[in-house]
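Two complexes come next, and they have one chain in common, chain A, joined by chain B in the first and chain C in the second.
Take a look at the complex of A and B:
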């Protein structure tokens, strides 16, 4: 009994340390976003201070308002996610289930596109978008984001589809269901968790993307990750405003994560407990 | 059901939060201030000659460009040209503009250009020489523009083979910045030489009480540690080119880098080897640095009462003299070139914009006459530094600010501060890495410089 307690306490401490390491930067950003410029730089660092919303007010309603940038980020991320999922689900299902010649190679090819260092392809992408006149447009950036979110989503979804026992489809087929009906009625509800996980990852990647966005965006389409960088101005770093933008930019993803949490946990354990239907 | 109540509570909370943020309402500054156009109309040119053109201007996030953008409606009213600004962080603006140039589509009519890039631009024919525009009486009223009044060294820094490629809009000199109160307490004088700079730092160095003797930018970068190193190298008598060959590992280089490394090691906070100028200004404004050498433009940051605890305790002096007897300030300025890929009409529109931005009137309207909190200290005209009204505004930055800045602009600004070559971006990065390895103690000064020389030599072929 006693050792059990000790173990629990030990586990708690270890967990606590890990959580602290992850939570601290976020906690510190939130704290800094509520300080004034002087308190941010104070030494020793201040834990107690008079909080102010000045930084939030200025980044939301000031001359450098990030509201249009949040909208840009949302359109890009939502657009990328919807298109990715619309293509990735059927593609992944096909790769997992259909015996098409070359499907193994197709799977590998999809993965291989992920191996290219992004910096290497940024200039070709720039030139392509430039030539088709899609620079600084939503469709341009979404198209480029699809090129790396799609392989990732397909690859992830294939593993979820492969975990579903074949027998379920066979049973549906016996009952006279077409492949499409089977996919819609039987398979998709089974991989809900996987879909949620994939959506979260795809959305998160698009939301946080910086490297491509900085080159391919302009004044019309400017995601929040780029706008945020301008708070590191040439003369000074506007710490409180930078922290406030980070906190605001974090929120949508955090909310999405919370909403999808139930599915994520389920999704992550799929396959871990079942034998899987791989043949 | 629970979810719904939670969600309602959440939405109510969020709405209340947003409401709180909106109070008190932010009042947007009127953008077209002082909208009297007659000082511009005094120029003997037709400002309307490119009416209807639209140009995009890439700038960096900085108060001096914000001020320019704020009064740009005046330019639009004057000329009928529409200006769009795109704000791009300094590291990315170079990359994006080079990409724009290579694809030749002329997205950015002009941009805030790094003076070290003109050689690259020129050798590729990416930008227009400005002289034909200046000499064209239909496009330029030479007397009105008063080109000679614009800091000569900056104009020279923006020229390649005698052709002016970018007109300076804003710039800086490198100054010694000091804590007057600490200096007075110890009876110290501003350093006249690099040796005195070190002895002052030693006298003021008191890390136990959180005061470090000195700090210099240390973080790797062509505009970071190389910025300081180049001044030192020249002050130690270094010449970048020896019979047309770039040599970075000569005896002067070694002496300069040794001074840099030793001073940083002995008197700067350990973290300073990763600091850039905003970090130094932040530390100084918290009272932890006794003296530093950096851009005079940081004066506005260390004098910001919302941030700084040392307002009223600051004094300035020119760069200390090196063993060669030279004081060497940077030639840094943000100039504006004309993109060669534009149509003739758009080039004219761009030139009118550049001329407007660099004019004495616009320089005054974006600096001491600007109706906002940020007053520029990097104006491009010597006459402004002698204008009592302007001097009144900037002398609030501290003792000797105006005198030291003007003396540096006129005497210390060294055109060959850094090696001017089309390969600069790569040379600068290589030097930065070498300096960093020496500062961090990963390599001896000699090894670091020899290594840089080995890597730079093939670039120059």
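Take a look at the complex of A and C:
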């Protein structure tokens, strides 16, 4: 009986440590973002203090406002999402449902493109965009974001299309509906949930992307992940403001992640599960 | 994978010539429809992945220096010859290997341990599942920034505070080559262990209960049950996690870039980062391209090995 108690306590401690380890850095950023300039520098670090929204006010409405950067992140992510979905949904439908000669190869190709290291894509893209004057433009960055968002979206959508029973299409075909009408009226409503989940993940990945953004961004296109460097310099780091920017950058993806909670394992492993299944 | 599964249709051979002719028309129509649906995706993928790859290989055969454009010109395999003799390349390759192997092993072991722990919990599973989402959805750049500033800054960060409190003194976490490498490994592991945890937990939950019941009746101890039943049944999921995490670790960028920028010196410069720095900091695009091609080759070799392991039963 006693050992059982000890084990339960041990288990509680171990799980407590794990939870603390994962929550703490995020929790600590939130805490620091609510401190004033004195409290944040206090040593030993302060857990209790009078919270203030000064840092948020400063980073949102101060001279170094990140509102334009939030807008930039949003335009990039939304643009990528819309374009990706417009291209991926029809392609995924064809791969999942239609008799296409060589569709296995097509699927494999989509998967193989994901193996390319991003740095190998950005070097040539940098040269091309520089030549056509598309550096620091939304079209330039959104276009290259397709390189990772498309394979992902296609694979995820294929898995949702495969879940629909074939009878639905057959019934529609018997009724004389054209293929396009069938797709629009019968199939798409069936995969609404899948489309929503895919949108969430594509948006999230675009929001978090960093390497392409570092190379292609400038004064016009400047997402939050790049702009947060404004608050760090060799001479001085604006701690509370840096914390506030970090929290603001985290907020949308955390909300999206929570919304897609049930689907997150599928979203994270798509492609590997599917494409790798045979090999 | 049922990509090539045909839409249920009777085989044409059993039908009259007229009917099979009709089917031909149908099949051709379907093919045309499919081609129209697929075309945008393949054009876009070709333009954003295949074409850059070919162009990359092409530029890797040039001397292309944005700082000294007058020296540019075709050099054939010179960049690759230079690469083999470049100690910084070998150094970055070994940092890549250390970084990849340690982070992947740590993620799998910690993720598996946590999954087993949570699996046996009667309450609070939901809390774990919820918390596990947080690091995974965050931008690695933001994660890097948070760790670098609020956790690791000497005499300010929490980790440093803990180190001082424990009597180990303040450490220059990111200034010391060894500590910097450990730090970026820990940060990557922190962010991605929840991924392994979630995948392995899902896999654990799908294992059949009756095997365990049978094992208990046969008086198999917990360790025996783990080694003989759980681990073999989880093997496919573990191998999948290893493959996915290896690919990501090889091309890790944002967190290392934000935390150390590859430094101090080249202590945390994985091959991916070296290719970036060569191309965009030192503006030596031709040689940077060769480094990126080398990274691609390394990626392909490693994934080939991993897929062979996956296939071997």
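Heads up, the rule we're going with is that the second predicted complex is superposed on the first by the 219 of 279 C-alpha atoms of A that agree within 3 Å, B and C clash if a C-alpha of one lies under 4 Å from a C-alpha of the other, contacts with A are read in each partner's own complex, and residues count from 1 in each chain.
To be clear about the criterion, a residue touches a chain if its C-beta (ideal position, glycine included) is under 8 Å from a C-beta of that chain, and two chains touch if they have at least 3 such contacts.
Just so it is clear, the structure is predicted and the values come from calculations on it, not from any experiment.
> Just checking: does A:232 make contact with chain B only, chain C only, both, or neither of them? Give me first, second, both or neither.
Once the two structures are laid over each other on A, A:232 reaches both partners.
> Look at A:123 in the shared chain and tell me whether it touches chain B only, chain C only, both, or neither; answer first, second, both or neither.
Both chain B and chain C are touched by A:123.
> Let me test your reading of the model: by the given contact rule, A:215 touches which partner, first (chain B), second (chain C), both or neither?
Both partners, chain B and chain C.
> Counting only touches as set out at the top, which of chain B and chain C does A:174 meet: first, second, both, neither?
neither
> Which holds for A:21: it touches chain B only (first), chain C only (second), both, or neither?
second
> Between chain B and chain C, whom does A:36 touch in the aligned arrangement: first, second, both, or neither?
A:36: touches chain B, not chain C.
> Which of the two partners, first being chain B and second being chain C, lies in contact with A:47: first, second, both, or neither?
It touches nothing on chain B or chain C.
> Who touches more of chain A, chain B or chain C?
After superposing on chain A, more of chain A is contacted by C.
> Let me test your reading of the model: by the given contact rule, A:63 touches which partner, first (chain B), second (chain C), both or neither?
first
> Using the superposition described at the top, list the residues of chain A that contact chain B and also contact chain C.
Chain A residues touching both partners: 41, 43, 123, 126-127, 214-215, 232, 237.
> Which positions of chain A touch chain B when the two form their complex?
Against chain B, chain A makes touches at 36-38, 41-43, 53, 56-58, 60-63, 123, 126-127, 130, 135, 214-215, 218-219, 229-237.
> Please name which positions on chain B make contact with chain A in the complex.
Against chain A, the touching part of chain B is residues 20-22, 25-26, 28-29, 56, 60-63, 66, 84-90, 92, 95-96, 99, 103, 105, 107, 210, 278-279, 281-282, 285-286, 288, 297-298, 300-301, 304, 306-309.
> Which positions of chain A touch chain C when the two form their complex?
Touch residues, chain A against chain C: 11, 14-15, 18-19, 21-26, 28-29, 32, 41, 43-45, 86-88, 90-91, 93-101, 103-104, 106-107, 109-110, 113, 115-121, 123-128, 143-144, 146-147, 150-151, 154, 158, 162, 166, 169-170, 179-180, 204, 207-208, 210-211, 214-215, 225, 228, 232, 237, 239, 242-243, 246, 249-250, 253-254, 256-258, 261, 264-265, 268-269, 272-279.
> Which bits of chain C are touching chain A when the two form their complex?
Per the touch definition, chain C meets chain A at residues 1-4, 6-9, 27, 29-31, 33-38, 40-42, 44-45, 47-53, 55-56, 59, 114, 117-118, 121, 124, 127-143, 145-147, 149-151, 155-156, 158, 161, 165, 190, 194-195, 198-199, 202, 240, 243-244, 247, 250-251, 253-254, 257, 272, 275-276, 279-280, 285, 288-289, 292-293, 295-296, 299-300, 303, 307, 310-311.
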